[in-house]
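In the two assemblies presented below, chain A is common to both, partnered first by chain B and then by chain C.
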Partner chain A sequence: MRRGWLPLALMTGLIVALGAYTQAHHSEFLGKLNLNGLLLEAMPLLIVSLGQVCALLVGGFDVSVAALMTICVVTASFTLTPTISGIALIPGALALVGVGLATGAFNAFLIRVLKLPSIVATLGTLSVLEGASLALRAYPTGPINTDVTNVLDSSVSFVPYAFIGVVVLALAADFWLYRTRGGLALRAVGLDATSSRRLGMSAGRIIFLAFVACSVLASIAGFYLAAEVQVGSPIIGNQALESIAAAVLGGASLAGGKGSFVGALLAAFFLTEIDNVLPLFQQPTEYADMTIGILILLALVLYQAPELITRIRNARRRPAPLPATTGEARTG
Partner chain B sequence: MSTPGPDRPVALTLGHVSKAFGAVQALHDVSVECHEGEIHALVGENGSGKSTLLGIASGFLAPDEGFVEIGGTRLKRPSPARARRLGLGMAYQDYSHILDLTVAENLYLALPPRERPPHRRLEHWAAETVAEFDLGIPVSTPMGSLSLSERQLLEVVKALLTRPKVLLLDEPTTALGPEAVGKLQTLVLERARAGDAIIYVSHRLPEVLSVADRVTVLRDGVGQGTFDAAAVSEEQLIALMIGRPLDVAFPVRPAPAEEADVLLAVSGLRGERFGPIDLALRKGEILGLAGAEGNGQLQFLRALAGIERATGGATCDGRELDIRSPLGPLRAGVVLLSGDRRGEALFPVLSVRANATVQVLRRLARLGVVGHRRERRAIGDLARRLRVRMASPEQPVQSLSGGNQQKVSLMRPFLRGDVKVILAEEPTQGVDVGARFDIYEALRMKTQEGTAAVVKSSDPIELAGLCDRVVVMSRGRIVEEIPGHELGERRIVEAIVGSRSAVASSQRSST
Partner chain C sequence: MHGGNESHMRRRRGRYVALVVLIASALAAVAVAQGAAWGTAGLGSGPSGFVGNSGKLVGKGHGFGETYKAPAATLSHALFSAKLIPAAKQPRNVALAGLGRSTKKVNYGLALKCWKNNVCKTGTGGKLTVAYVEGFGENVFRQMSKMEFILQALTYPQVGKIIYMSAHSDLNQAIADFKSVIAQKVSAIVTYPDFGDAMIPVFQQAKKAGIPVSTYAWGYVTGPGKNYTTVVGEDTCKLGKAFAKVDNKLISSGDVAFMGGFPGNPLSSSWQKCEQNALKPSIHVVANDPTNWDPSKVQGIVAGILTKYPNLKGLSYEDSAFMAQGGYAAYKAAGIKYQGVFTYRTDEAALGCLAKKLKNPKLKIYYYTSGNPQIRVALTADMMQLKGAKIPPTIVFPIKLQQQSKRSMCIKGYPQQASASSLIPLKLLHRMYP
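Right after this comes the complex of A and B.
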């Protein structure tokens, strides 16, 4: 994470600044109840952003994640109905993960085998999943088992267990990415697939797995979305662009090979914080979208600043001279 | 020099390998055997199939016919990973580095997975490795910040890290100075003495002959035989490398006009891959740019067009040429005919008309509106003069043959009228024989209108036939200038391969 401190510092700073400002005007903001609500509200985006980082690391996008989360909610309204209880809930929960696995494999197939650009491939998947959700539930109906949602939402003090879980997961993932050979291989493939192949790495398999991981994480995010809405809504998921925004704000490069799971987590939390805070100031939520858009643009410029500076500096300097060509090598 | 007896087992066999890319037959029934402990050189002109052959041996390319055996085991399905497992290491001409990763990480990735030390010892291990090869390179810097010669040495080190039984080196010295070349050759000789089989591809004959045991010559994708390096002379090798039948005529070269004004003057121009270069181009002159691929010719040409970053000066028609962006040269009348016709030079789906007139729309427009009829009138006569074969000017340019596409991009400088210098990059690559003469003639026609042209080509026959003068580049510099009366395929090839006779004759001509 040599140069990766900037997004982490920026996001932390923004979270604290916005939190402090809000607290100064609304003392209930840092209350346990509100914080617990904020963290639970953030869960779907937090998890799916981790998935999005996987896709970005191999130089792709996955815009189908929100539709996948929606169909997971819809699936839950069939497989996790209030009438089921105990052990019998496990197959119902596995069904959601199964949908994630299948979607991930399908996306990866389109991208690796049919060689479609990831944005086109996942856009297609998005439409298919959206249509399927609406076919299964034409309108929001089908309550979801509250035993399940209670387990998902259970917290120690104001912190949901699940939140602790994703923080640990993100820390572990970043450690894996920058401190192990598997992570090194993933970054290598994301940075330069041709060289990676020449070095004997199976670039195709790594890209395949990255998209599957992205979809599986999105399906887990679907659980938390289900816990939030508690009903089989076919039009609920809208985190596709936000998850890409979070990954990028968190330091992921659109060209692949660079990114941070912790950074994405911080950024996803910050984006939720904006959504959460605006109503307190009686501001319309449209401003949230505009704020996020402007932030992304600013962040992209800022993150590129170090590279820009070196490029400008290099442009002033003369390029290094080449080794001299003399008769020695030719007559050797 | 090690002497591998023919009794030593064969480590690498390429058997009856053929490979075509589209209509181009890159390799035709080529067989090479390399024994343990042998340094086997592979020589040939640009485009003779050397890199294709290595690509097949390393599992990166699949042969259409023939087979690859590494250490006696058939490479069934081509895959670089599989070839590596069988004991093959390769140093690629354009490297296999990941520039954003550190030197240490790059070296680490080059190791076979089972031999990698624990990741936490990565930097320590890499520092030891670099020291072992006696390279003073800091391992925690990104690969992209190293010089080209450091990157090239590390590419060879990476190939050696796999402790290969078969080592393929594709032009491993293009960015190296004499000292580094010596170092690399010592390393290669050591490996051969240890029993490795080594395929050494280089266009520098003296360098090759000083280390190789045997030499295989390729010409136009066809093997010309394998020889004992000690028993074959440079002249014999050159004679085998050249001698493609002359299949095309060239326009008549006008009498040299020594007194013509200098149109383009380059002084001390240098970029990342070339320089410093000094050059003067006279009105009416076609200057050839020769050299083995990857010696900076392309970058030099593109720097003049403002595409490649460079420092130093150039003047066109007495005025300073602004090469910070492509706009400066374009405005000054210096135009590039890109060798990448699909990607850069043309808009493949647009019509011939639109492609031809794109640079002169302002002149053809009335009140900001371009009349198609005016456009068609402007190109009609020219299309006939250049013999562009098309059904209609509204035909998408991608539906034309390669040669006619090239003619369409050549129409632009004719239409502009204020063009001073044409920079042509491989103007007849992928162009059929019939159309080639038309292109040569068009270039000659245009230069006789008082312009000049620089033609970068990898085909010595073309350079010898078309140009008034040829400069040869090596490692980014002009190493030789061949005047018109000396031009010939052999003379150019000799200069490119750095043969002693060429050096001698250039010394003769300079005294």
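Right after this comes the complex of A and C.
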């Protein structure tokens, strides 16, 4: 439990430290305009990172999220046009969620039924969605209803309502994950699908739902990308690797079974903060990519250090088991 | 045996030391040579752009801190003819004011220093900060535009700081960069909006914050004059039609190919659509491939097109330099003669010099200017708006394609990657691309 707090503490510390350092050099950082811009800019990554945690918890990846977000923006340019108003906007908005649901179900089908590795399955979906976006909109065109984008961007002071909503969602999701039987089942399936199936859990259904949840959250993130560009841009989504990075920095294990929605939220915010801060210092954006890469490596080493140390100690204390024994233990 | 080992090890150690010293000396020599090439000292100062020797000026009048006159030689160099300036009075005045600043003296060392950095102070103590923010800046064309922007900014003593940002082809980063310069309260923004209308919300934010935004090279975003100050450039649809006119005249029938920049970028899609519509029915567009304006991709793409269509009659693209490098290499590798009707938007020296070398009358190259100096006009438009001028929503330069066999892009002593119609002084170009 104590170890679970490490990513949260680290990310909070980094957010505060980077913010304080920036504010000391650039007073406009904590300006209302910049903070509001930062929080709105963070929204797509915050939401899609929560989805990515779902996929990572069951031991998978979803690299199709970026292309899914893009096709949601493109879809919005057809279903949420400026000519529609009022209640008629609801079906248009539901269309985006529908695209998310369909993509999630498709990914889950590839992974569960066809037994494709998640990275291969979602990579295939990514290509299909990217091509479809470009086929629907060859270039950025098709204005998106500003009533919708204004609602999405509406804020109290500099804090968007949606940001408050996503924080509440992450807290509730972490409570569910660590304090309920459903959450326990999700983690158990991620840790060892075979054993949890033998214990009576429906591993297949849980994995299916995890990928669907991931895609649905990505489609909701697509709303915020749509609000950002307000036009059907076929080349906007690129948050796939960043969302995986955020989930991992937030404490998710690449092997599954471990993760934190709040941790991913903090990490996603920190990654956006880096993007926001570098231009203030007039530093090239490639530094952001390098920083993110180094941070992921450091986080992986740091978070897994206790396990690594234990493994090394155990290896020193007793001779390595014979391969046949290991095989038996695994299958037994 | 033991002694033998020791002396062997000593010899090996000696060799290692010699090798390390050699490598260190080589590195030091390279560093010194590079330093000399990249150094900013000894460059002196001079006109901010090409001015020629004639001294003849085109235009008349003045206002909003500008003189609406430009040397005829500057216009001929940048636009191929002093007559190819906008016809209407307002855009003509802004164009002449912008290009006419080529006569103003600037410090070349400072310009080079600014070009190598993302931010620089001009040392004038001026209160204005100007920013060139673009979605992508990693090719020679964009880097030359950056220098043209810096040279133009240095002609304004009221500019104290110059900022440059590239989002490395990342739309989200481009939006973040734009928001950042708005938060920093810069005085004026010039941009190449690689992502088209996706930039409208941030353009509107800048406008709301009282910051003029101008685009160049027909980086077209909907609503110039309403969502942002102005767009400077040539009409890319007319460019596509001009390409088609050449094809229709020189190709009786057969296959042609298009290449473009990023998928969905407005510049490529505009000329491609208009060229395709204007081609006669016997000419078929068999390929339309995005290159991301990345020179390393061009060879593979051209090779792919040639594999399927070895009898390709023509090709249209933006960057002529890439076709002198990767494009030519692909033809060579395929064992196909480098000939056909090639139409380009830019005029880098490399392709002109290659054509001169090949001396193949069946290689028919037509080109337009790369338009780097258009960024100067865009900055001047912003500066004039800050002084209260009413800026026309579009500043459009007329198009006249040039024929390589009649007007060569190959200029003696010119860096091969550079556009021959750039206004950057040669002295600086040689330091940028030694």
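What we mean here is this: the second predicted complex is superposed on the first by the 309 of 332 C-alpha atoms of A that agree within 3 Å, B and C clash if a C-alpha of one lies under 4 Å from a C-alpha of the other, contacts with A are read in each partner's own complex, and residues count from 1 in each chain.
Note that a contact is a pair of C-beta atoms (placed from the backbone, for glycine too) under 8 Å apart; a residue touches a chain by one contact, two chains touch by 3 or more.
Note that the coordinates shown come from a computational prediction; the quantities given were computed from them, not determined experimentally.
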Message: I'd like to know which partner A:Arg187 touches here: chain B for first, chain C for second, both or neither.
response: first
Field: Touched partner set for A:Arg179, first chain B, second chain C, both or neither
entry: first
- request: Look at A:Asp275 in the shared chain and tell me whether it touches chain B only, chain C only, both, or neither; answer first, second, both or neither.
  value: second
First (chain B), second (chain C), both or neither touched by A:Gly86: neither
- request: Classify the contacts of A:Ala138 with the two partner chains as first (chain B alone), second (chain C alone), both, or neither.
  value: second
- prompt: In the superposed arrangement, which partner chain does A:Arg198 touch: chain B (first), chain C (second), both, or neither?
  reply: first
Touch list for chain C against partner chain A, complex: 118-119, 163, 165-168, 170-173, 175-177, 179-185, 195-201, 262-266, 269
- request: Flag every residue of chain A that touches chain C in the complex, lowest number first.
  value: 26, 28, 31, 33-34, 37, 41, 44, 134, 137-141, 143, 228-231, 233-236, 238-239, 275-276, 279-280, 282-286
Query: Residues of chain B touching chain A in their complex?
result: 58, 60, 80-81, 84-85, 90, 92, 95-101, 105, 108-110, 112-113, 116, 119-120, 147-149, 158, 173, 175-178, 180-182, 204, 206-207, 210, 270-276, 296, 309-311, 474-477, 479, 498, 500, 503
Statement: Per the touch rule above, chain A residues touching chain B in the complex are 179-181, 184-185, 187-188, 191-192, 195-202, 257-258, 315, 318-332
